[in-house]
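Chain IDs A, B, C, D, E, F and G follow the sequence of writing; residue 1 opens each chain.
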């Protein structure tokens, strides 16, 4: 079953990712966001395939359920109209393509180099058990966890400050 | 996964949907009758004995009404939105244990280890239906409804999630598993992990005061209120408030599409009630007559399902009752309540529980 | 105010006036040192209130009126002000930074009568000024009956407006009010309520200094002062209703408008009076397609702020029973009501069946310039005789012109009838009908029988097309009746006796099937000549302006609200 | 007017007692109805509903103690009326004696009861206190025309309003004390 | 005790002195005129100084101040006259003596009319006036007759008419009678009245009489007493005249004392040489027996009232010319222009009204207020409405309808009228008494209001005045 | 065919490149931002896959942190976009070309 | 001095409200002597209008009051509108557009005289003539011989109370003296 699901999710993810970036049918930012949701959900599905149930759930809750809703909220709040058809910037296009090619080259080296990551079977020892994850998080990674929490606090303060009517 | 698994799962799904759909239908009737009684009226009593066939008539009406799509709506989203509203409510049921076991099968469609996370993941998706309905209608009231609901849902999801953490902190208590469980339960729970919902029921079996509602009353309260907010029920029905937004996000909908919203809302209510039953009211157990053990025969199995439905009914009635009792919140009050009251309270609850557990160990 | 006068010609003639720098509410501005006197036109020092008005600062006032001599009695426009300080040797005292030192004057001044001086500072919005306004308003209101619900002025009453803006909410007055006569019948058109009168004397000054009929006065003394006319003498000149306009409160009311409609319901439309060649600018107030009143609109180049009573009340015919409201064709003895497309079809066909010169065209000075222009085109196409009649009556020294048609110059300027040739072709047309050389007649807004044509002569015609707005003996004889629109019911332009081109707007809908003349004339021209015209009044006007040398360069938009002067042929 | 709000106690701030009280009330109604203790129907029209204080029924015109129409045709109600249900025909310029010292009264006063939304703005805006929302709620008629109430009908339904202002009387007396003009 | 110094009224009360011209000429009348007409042009600083300019200079130097009410320098007033416009200049003698408490002009006109006429002729000569009017109150029909007769006599003797005394100077003087309007005492109101219109005072600016007066021509308006003084200035010479009185308050003036004194009447004193106390107690014989002083109005009813026993801190120049502050009792205040001004009131038309302790001060103010409400011309808003309002409020207070807050109520009304908010000084005239009476006798006003409130309460249910 | 780690890594890099292209090419700030999220997700996918195949929890923990950071970033970023929009009524990068906003 | 010295029941102003009631004087004829006198008066002024007060004085002296005809005659004489003259007549309290008795008694009511007892004098005169002492406006005796009214200051404040009978002035009027004066005019 796995390959079927993998390819289904992978194709779905790639297609909708492309549609996020460039959608020939609709020039509507909401559509872009909705396809990003589909990508997120596909990735979540892939997480399930990878036995990372907790991550899958968090992926859905945080990305699909919160982040993207926030995006939608902002899009609707700012009343962003459908984009006009605009000519692509030549410079942007060139730099985009060259950057992509460069990245692909870099990755190619990493992926297909000798002794690359070609494991096929992960053992089931670390089977994504939530409690195991939690233990590791709160012991080995406690410091980063706390730092992250501070980061969240800072972000929260920043957002409150930013969204005040008058920046003085 | 074997074919048999699939067949069993399908059977469960069919059975469950067969159970839930009439429940939805009759909760609508119940809502109408109860509201009528509260307002000194009679309510629908013409179709069938005591108006019991009313849902049939309603359904027929929905099916036969003209499905009107206004001009200038964003068609794709307009069609998608009702479905997106209904689907998550139904999907949540997948992880809810609505009975102990029948014929040796656990009465839960998918006995996930991350059951509660699953429900939250799904619930968090249910906002899309409403937001997209608001966006797709291309009309100001639905739009406002959509905006309101997205903010409201994100806000209360957090409080809701936080409120159940202490519950799981308690159920994950190693001491409990070391001593407290009977053999029947141990076998029943075999292969499940911490966040599995059946474990919660197991934890609550025993005496009445093992129920989470008594152990975590604050968590229950927050969860209850958040459930009201998540299902857009009064007093938190700001996305659809008739008086200001003319029914909000589904203003422009009619016929079956409207019915889907309706179904979605009631399904969500039932799902929320079911969750509360599982999390706080001991699920399908009762603390006497040995009903707090997984069923060993068909009769108890069925009885457990009946108990579950009974408990669920209490919450449904409560949902309905509250609707006709409390006035609608103002938007800022709603946000204040979510962010400034419930979130700190839930956090405090976590800390208190943690401290208590730490002292006990 | 003064700056609303037309910018184009009148400004250029005036000699350059010295500018004075003053400060109004702390804002430094430049104002001309002198202003023309409203009555004599001689330059007199600019007053504070004029300076403030030029820079958009509204100083509340009751007795002051820009077109009347200054009385200075209401004390509403009292303002605090400052003057540059001078030392013993009359030399200006300077601040440390070299600017002149300004001393705030201990006593306020009335802005309407105090001339500006260099470096003066006017504190029109200071607390002190506002306090004085409040006090004056209180004094004005203590004996005011406060019967706004009854008063016709409510909604456009200065006392209400300023009370709202500057007054206090509560009355301290606990004594009995002074009661004065109410519902005093001053004259045939004016009703006076003395209790409402705030004794600003605007009306007295207007009748004395502008209308030249010293009919109004104050009687008694002190708080018992009462406005009135001499007992037994009626206040009845041709300009009485202007006193109603300038009355800041509801003391003087127009009997015509009294208790007929509240001001706030009325829709105001810019229009032009059609009663004589002066072409006073007016505001037509209507509600739900009913005209309730006509008031003058300020235009210094034409009528200042005034208007004669006759012209003002000359709107009732618009809603009269004799208005034509159906297109009809006479077939034998039967009159058949038909619709516009059909009548245009039939007419263009019939007109084209005549040989050149067999159709005569009679226009009127009541038509708009655009209509005359189109009518001339039609006439040129059929090469027939053209005629219009002079309409002469009595004029006066102020506004009433002897020419009773609003657009005689339109006839001249479009070349429909050359200047001085009105009425000359009438005899030839009659002769032509008699001897059969004229077989058809197209008449607009003219009653030929009243002009002396024999009714039997009209019977001889093969085709008589009459467009009018009222039923007349001529329309009765017509083969085709085309109901036209009054100028209240359409847009267009008039050119007054002094050659001022002015446009008017549509206030109400015409009755029934009536239609602006230019619309069906345009269709007729289109069908008979094949020329394409414009189907909007703007386009039509601009096209006409392109063809008539006197209007060269004028566009509909550039006419403006107050019109513009055009060169008259032969002038 | 400033209403002093009393400080809530902690318990009150949780709103739980309030909610419980609300539930109690609705529960009482529920059980009363379900148990049949309370009759749900009323034998209308024999039996009539007692209209509560402050009920906003149909607007009618009132007269003062001397039988004069209080309305002076200021048309503010016509202006404010949200559904444009009021239409007043002003009296025109003629001085009328039949008004009894009132300078101006309506020639006709129409309220289209089919349009009226019983909002009470006309009553609130009336400077003469001449129009009041009465307690009538069952307005019936067989045609649309019948539901347009005219001046006479409105005055008859409104009756005499016993206020203490007596504006016209006071005006008369004051004027008579100082001098007579009539 | 200072003596009376009679200059104007020198012969007035003499036995056998009659108002006819012969009697006047016997007492040296018209000599000054002859002297003035005979003045020759002189050369000064290389400029030709005409006789007219010399007279004007003389009047200016004498420091003569107007005796009508404002105390404005007469010479200065004359210097403002627009002499370049080419329009005729008019002189008007303001004999519209209406300020309650004042009765000096009546004496002058009745007893010595030629003195006025001579003063007018000199003033007219000095100002190139060829047409002058005496605006006399309508209530003085006798005075008008006397003046007309005197004018006829003067005309006969060629003191008036064409080519007066061969000097080539033409002058005609006419009597114009008013008809009972206080406001005609205001110079622009007087001018309007003389033009045959309602005497509405004119707005100043732009209508200053010295520039745009009678018939829009330059006009001089002077009080009767002032014009009489002109004669004496010319008679005595400026230097001699200015020795009378005190510096800056030169000459003599007629003080009219009325009210609760034993010998009310007019007394001519050198300005500033007698104190108020001396005037009341010594000249007027003091108060009636057993009565105590309560209040004094020092300059006609429009002046601010003084309360008995008031003390004032007054800045004045001492002998070395330094500013010093002196504390003075009310009765020690010298009766001149400046000190009274410094004490917060004014000498006005020179009329002292004395009120003893039998006076109900509220009723007295009611009386004054009634007067002003009746006399307000009604042209400009604050005075027209305010004067009647105050009068109505006081009438209500006096007839038992008062309220305790009426004192403040009155003050609030009165404070909104003066201070340049009205066209003429009548606004001040009607509000000053109210302001000063209420401020200084507030307790009496409040007591009256409170008593009325109390009695109303007791006799309830009488309606309280509607609020 | 078995799905190997490489499959996931290839998929992840494809998604990453798509996201990168989007950031570079698109000029709508919101879309740029979404593409950033896409890139983060691609990275997450790689990490989870590695974690799965290498049999350790570290990758998932990393993902957990990334998700947290991403959430914070989105909140701040969107707030900034909203603030920017309030000032400029615009979300297009090429038009936001003055340093002083 | 006892009791109230002022009387505030002021209805004096009622006279002011008689503006619309103009006396008609059908037999109004200006004698030629008076007319020439008036013509002479007019020459005193550069502008005719100025003479209006003097003309009105002259007419009132002759007729006792100013009727409608008098006002219109004056206006015509001075080339004015009647309203201009009527404005003056209603402004000046000395002009009367209503009929009065042959003797008009005017008692000063202003402060000095009020302090000196003018209200007492007025009351005495009224009761003597059978009129209402509380009334302050003009009152005519039924026989038409006397009119009594209050006036504002007569400028003889030093000798209160004062009064005028027609053009004659009396000061320091005691009650006895008042009786004598009335007697004198009754003849």
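We take it that contacts are C-beta pairs under 8 Å (C-beta built on N, C-alpha and C of every residue); 3 or more make two chains touch, one makes a residue touch a chain.
As the structure is a computational prediction, the values presented were derived from the model and not from experiment.
Show which chains lie in contact with chain C and also with chain E.
Touching chain C and chain E alike, sorted by label: G.
May I ask you to list the chain groups that still touch, directly or through other chains, once chain A is left out?
Once chain A drops out of the picture, we get B, C, D, E, G | F.
From the C-alpha centre of chain C to that of chain D, how far is it in Å?
The computed centroid separation for chain C versus chain D comes out at 43 Å.
Report, in whole Å, the distance between the mean C-alpha point of chain A and the mean C-alpha point of chain C.
The computed centroid separation for chain A versus chain C comes out at 71 Å.
What whole-number Å value describes the gap between the mean CA coordinates of chain A and chain E?
Centre separation, chain A to chain E: 99 Å.
So, what's the distance in Å between the C-alpha centres of chain F and chain E?
Chain E and chain F have C-alpha centres separated by 96 Å.
When you check chain G against every other chain, which residues touch at least two of them?
In chain G, 13, 17, 20, 84, 87, 91, 93 touch at least two other chains.
List, in ascending order, every residue of chain A touching at least 2 other chains.
Residues 54, 58, 66, 70, 77 of chain A each touch two or more of the other chains.
Which positions of chain C touch chain D when the two form their complex?
Residues 145, 147-150, 154, 176-183, 191, 255-262, 264-265 of chain C touch chain D in their complex.
Per the contact definition, I'd like the list of chain F residues that touch chain A in the complex.
1-11, 13-22, 24-28, 30-31, 33-35, 37-38, 41, 44-45, 48-58, 60-61, 63-65, 67-76, 78-83, 85, 91, 94
Please output the residues of chain B touching chain D within their complex, sorted ascending.
Against chain D, the touching part of chain B is residues 34, 36-42, 321-322, 324-326.
What part of chain E is in contact with chain G in the complex they form?
Spelled out, the residues of chain E in touch with chain G are 97-103, 105-106, 131, 137-142, 174, 176-182, 193-199, 215, 256-260, 264-266, 297, 301, 351, 353, 355, 358-360, 363-364, 366-368, 370-371, 374-375, 377, 395, 398-399.
Once bound in the complex, which stretches of chain A touch chain B?
Counting only chain A, the residues touching chain B are 1, 28, 30, 34, 37, 44, 53-54, 56-58, 60-61, 64-66, 69-70, 72-73, 76-77, 129-131.
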